[in-house]
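Pasting the structures in now, so scroll down.
After this come two complexes, each holding chain A, first together with chain B and then together with chain C.
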Partner chain A sequence: MAKLTLDDLRKLRDEKKQAMNQRDAEGKTAQVIIGMGTCGIAAGAKAAFDAFLDEMDKTGVTHATIKQTGCMGLCFSEPTVEVKMEGMPDVVYGNVDEDTARRIVRDHLKNKTLVSDHIFDKPSTDIIKD
Partner chain B sequence: MAYKNYIMVCTGTGCESSKAGQLYENLNAELKAAGVEEEAQLVKTGCFGFCEQGPIVKILPDETFYVKVKPEDAKEIVAEHIVKGRPVDRLIYKEPSSDKTPVDTDNIGFYRKQFRIVLRNCAVINPEIIDEYIARDGYGALEKALFEMSPDDVLQEIKDSGLRGRGGAGFPTGTKWGFTKGVEADQKYIVCNADEGDPGAYMDRSVLEGDPHSVLEAMAIAGYTVGASKGFIYIRAEYPLAIDRLNLAIAQAKEYGLLGDNILGTDFSFDIELRLGAGAFVCGEETALLASIEGKRGMPIPRPPFPAVKGLWGKPTVINNVETWANIPVILLKGAKWFNSIGTETSKGTKVFALTGKINNSGLIEVPMGTTLREIIFDIGGGIAGGKPFKAAQTGGPSGGCITPQFLDTPIDYESLMSIGSMMGSGGMIVMDEDDCMIDVTKFYLEFTVDESCGKCAPCRIGGRTCYNILDRISKGKGEVEDLQKLKDIGHAMRKASLCGLGQTAPNPVMSTMKYFEDEYKAHIEDNKCPAGKCKDMLSFSINDNCVGCTACARVCPVSCISGEVKQKHVIDQDKCIKCGQCFTKCKFEAIDRA
Partner chain C sequence: MHATLCDLIMDLVQNSVEAGASEVELTVRETGKQIAFSVKDNGKGMSRDVQAKATDPFYSDGKKHAHRRVGLGLPFLFQTADAVGGRATVESEEGRGTLVEFRAAADHVDLPPFGDFAAAATMMISQAGSFELRIAREIDSDRYTLSRTELEETLGDLNDTQNLMLMKTYICSQEEDLRKAG
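This part shows the complex of A and B:
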């Protein structure tokens, strides 16, 4: 790498910041949790995961973290994805293929509208009050 | 393609020594073997601070905090967590008080009261990759200084921030820079004091290992401010990892044109070189340090003139400690106002402490100035190991003193520590319980300063040795009542007449322990007793009637001085006994008396 000019440095910083941003959970207001049990992976959860990462990158969504978890128990509607976001109800999406994943990023995370045709349920925490 | 997981592995010296390097290699191999090296990025980081629990592995973005991870755990972490998304429960940190897993790192008791400015990038970035530093606003402060601020603006900002030297004495950093800036000279120098020699202290090493670029950036900013084109980092050769990472960082910064000629295309040029010290405590004293850089024997010279005016090769030189430097970029980026909103009236910002000794969570911590010792020891440190009562905390190393239980609620800043006879120092904090003998501790520090004295001035050379001899006599039960006065007199003389800080502060541990633990001194001198049971020459071990003849003591005795038949009471041969106390700790029947 040659010597940097001021513009190079700023550009490099912005680029790297975005990459580093994905590590950080601080300041994130949304969580995407993907069920990655055997059932999830068999149903294509890995492809959905990649689609989430890719679409978030493309649309500049930086306020969400993507985490993986084990089987959520909804094996029949895998891949299952739970989305928690400030100002939105917690939602569990079922049968999330690549396209749906991209729609969730665009509609839910970015434009704050639910992807209604894939909603499986609202998590039980909503039903059971403690 | 972005990664799904990030595996942060601590590779600070502490974790390295418990095989973090091997763990890193194993994780790397396992990721490849499982075919997921594209999905998870393995990141080498600096110190997490929680050294007690090392080696530490943190998985992001889900913030799983694995502790005491062994190289052989790599397979399970990759197979379970990375591939299947199931955290490995047995490795997750659990709070000792509740046995629960904290939801995220910030919720761990050890981290909750911390505030990281100096350590902001430690354990967050890979210190060997400059891009990661840049992504965390690295070199942004240098950029701001060069393109938006005049040298006077920078100086004013540093002055307004209220930053004081973290090397110990707490001299205002802006004022120091101002002296150098104000002198006309054809050449000026910037020096980083990385000669960390206090027993028990390792914060400077951790900063250099975990975030070397922050120090380079700060030194360049100082160069721009005072008009210097050359910087030196004086570091002791005992810190090989820090040296490697600094060399790498300097090479990367030069390649990017962030050091060297015409930085970022401006007409400002600044270069940094390392100078390795042989590890002499006195070389932490600024004039001795400069002599050592010049290739002379590291001995102090009288001040004034101060190095800020007449330093390296007679030229004006700004010399600051590693921790002081690490504060500079943040101050410029976030502003003086932000910085001095943290801390106390007279001491702004945070302080890094190396918390060691008889404490549950030993490690590297950073807290806002004004945090109390109680918060540090009981909230962050998790209390005294083994639940014993707290006796004292030694701060400031051989130049400092002890803080006793009555001062647990004193807010820690430069002035209040000074007022209770201790000092901030560079930040070693050694916690002691009732099993520690204060005479023994004081003797240890004095032995250290006597060894490390350069011998140039008589008060330090002769005074230190004499004090040590007196303490040695007291600890052997041969002390006299007059000794206390003698120690005081010599101490005062050393404080007044020694040439440099080493000699001036060497009596501090003695003065401080004599003030707060006079009873203990008297017990040694008058009653020939060591209340903590530490001073061997005053101890004797004997076996009482509780003995059931289990032979455990006889088997553990290294000099075979315990005799007796099985199931019969045993006897210790007092002439042969070396008073190691092994039998005392081994006996399950409280059959051994220590007196």
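This part shows the complex of A and C:
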């Protein structure tokens, strides 16, 4: 890859934006919040962040934003990721490794199904299938 | 234990932001022989008393975790420095800010791997809060710099996935260029 300048970056962004415009109109309807406390990082939150980014890019998921938060007080289940999405219950996923992050993008963000085996904070028993 | 040096660096920058810093300066320098990094902030700093305790893994201000009397940020850094015959220092003044420095021989067998700097930088820059983070990355006599404000002006919303992806690509290209030159 050639070394990019800030100007190149601006151009890239404008190109992307134009392509995105139509879908952008739908707005951001989902939020992915990753716990990046000391323990989160130690447990691999960085790999999860990276996997989210990569998988969203690959699968064309543009309706989500990624936020980082400090510790969520859930050391034992790090990396912890909260997903909020319109039309879906707010869910906290635990032990989110790279693979789980990719599944959350495909199943939760894209197909609107929960990744049940990683749900930490169960929304309600009738929503999740075992 | 943190797996890479980049994890340690991320932790330090996070500390600075959490200490209310509006300016954070990170320098990461590699030469064939040595690897060194420093984080300087204008956050709330630490009193002498807290500073003395800050390297003790069994100390925590108890604010983040009301029931957990253990803090882990700085001790990791000191532990790593100790394990590789390197050096870690903290200088802090209450109300003025903190400077943390680390250096170690690049070839020590117990030195954790460096890690993916482009990914780490993307995360550090996009973390929540309003602050300026300036990163200077150097290998031998070559360097590049990043500024959070500048990237935000160029890209817009730093939580937008497209923008995050672009930022990572941008930083990757700087890293690649630096590695080639260095």
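Keep in mind that, in the parts below, the second predicted complex is superposed on the first by the 97 of 130 C-alpha atoms of A that agree within 3 Å, B and C clash if a C-alpha of one lies under 4 Å from a C-alpha of the other, contacts with A are read in each partner's own complex, and residues count from 1 in each chain.
By definition in this document, contacts are C-beta pairs under 8 Å (C-beta built on N, C-alpha and C of every residue); 3 or more make two chains touch, one makes a residue touch a chain.
It should be emphasised that the depicted structure is a prediction, and the values quoted were computed from it without experimental measurement.
Enquirer: Mind working out whether A:107 is in touch with chain B, chain C, both or neither, as first, second, both or neither?
Expert: A:107: touches no partner chain.
Enquirer: Applying the document's definition of touch, where does A:73 land relative to chain B and chain C: first, second, both, or neither?
Expert: It touches chain C, and chain B stays clear.
Enquirer: Does chain B (first) or chain C (second) touch A:42, or do both, or does neither?
Expert: second
Enquirer: Looking at A:90 after the superposition, I want to know if it touches chain B, chain C, both of them or none. Which is it: first, second, both, neither?
Expert: A:90 sits against neither chain B nor chain C.
Enquirer: State whether A:61 touches chain B only (first), chain C only (second), both chains, or neither.
Expert: second
Enquirer: Chain A residues touched by both chain B and chain C?
Expert: Touching chain B and chain C on chain A: residues 1-4, 6, 9-10, 12-13, 16-17, 20, 28, 36-38, 49-50, 53, 56-57, 65-70.
Enquirer: Within their complex, state which residues of chain C touch chain A.
Expert: Residues of chain C touching chain A: 1-3, 6-7, 10-11, 14, 18, 64-65, 72-73, 76, 116, 119-120, 122-123, 126-128, 150-151, 154-157, 159-170, 172-174, 176-177.
Enquirer: Give every residue of chain A touching chain C within the complex, in rising order.
Expert: 1-4, 6, 8-10, 12-13, 16-17, 20, 28, 36-39, 41-42, 44, 46, 49-50, 52-53, 56-57, 61-62, 64-71, 73
Enquirer: Help me check something: in the complex, which residues belonging to chain B touch chain A?
Expert: So the residues of chain B touching chain A come out as 1-6, 8, 60-63, 84-86, 104, 125, 131-132, 134-140, 143, 147, 255-258, 260, 264-265.
Enquirer: Using the touch rule from the top, collect the residues of chain A that touch chain B in their complex.
Expert: Per the stated touch rule, the residues are 1-6, 9-10, 12-13, 16-17, 19-20, 22-25, 28, 34, 36-38, 49-50, 53-54, 56-57, 65-70.
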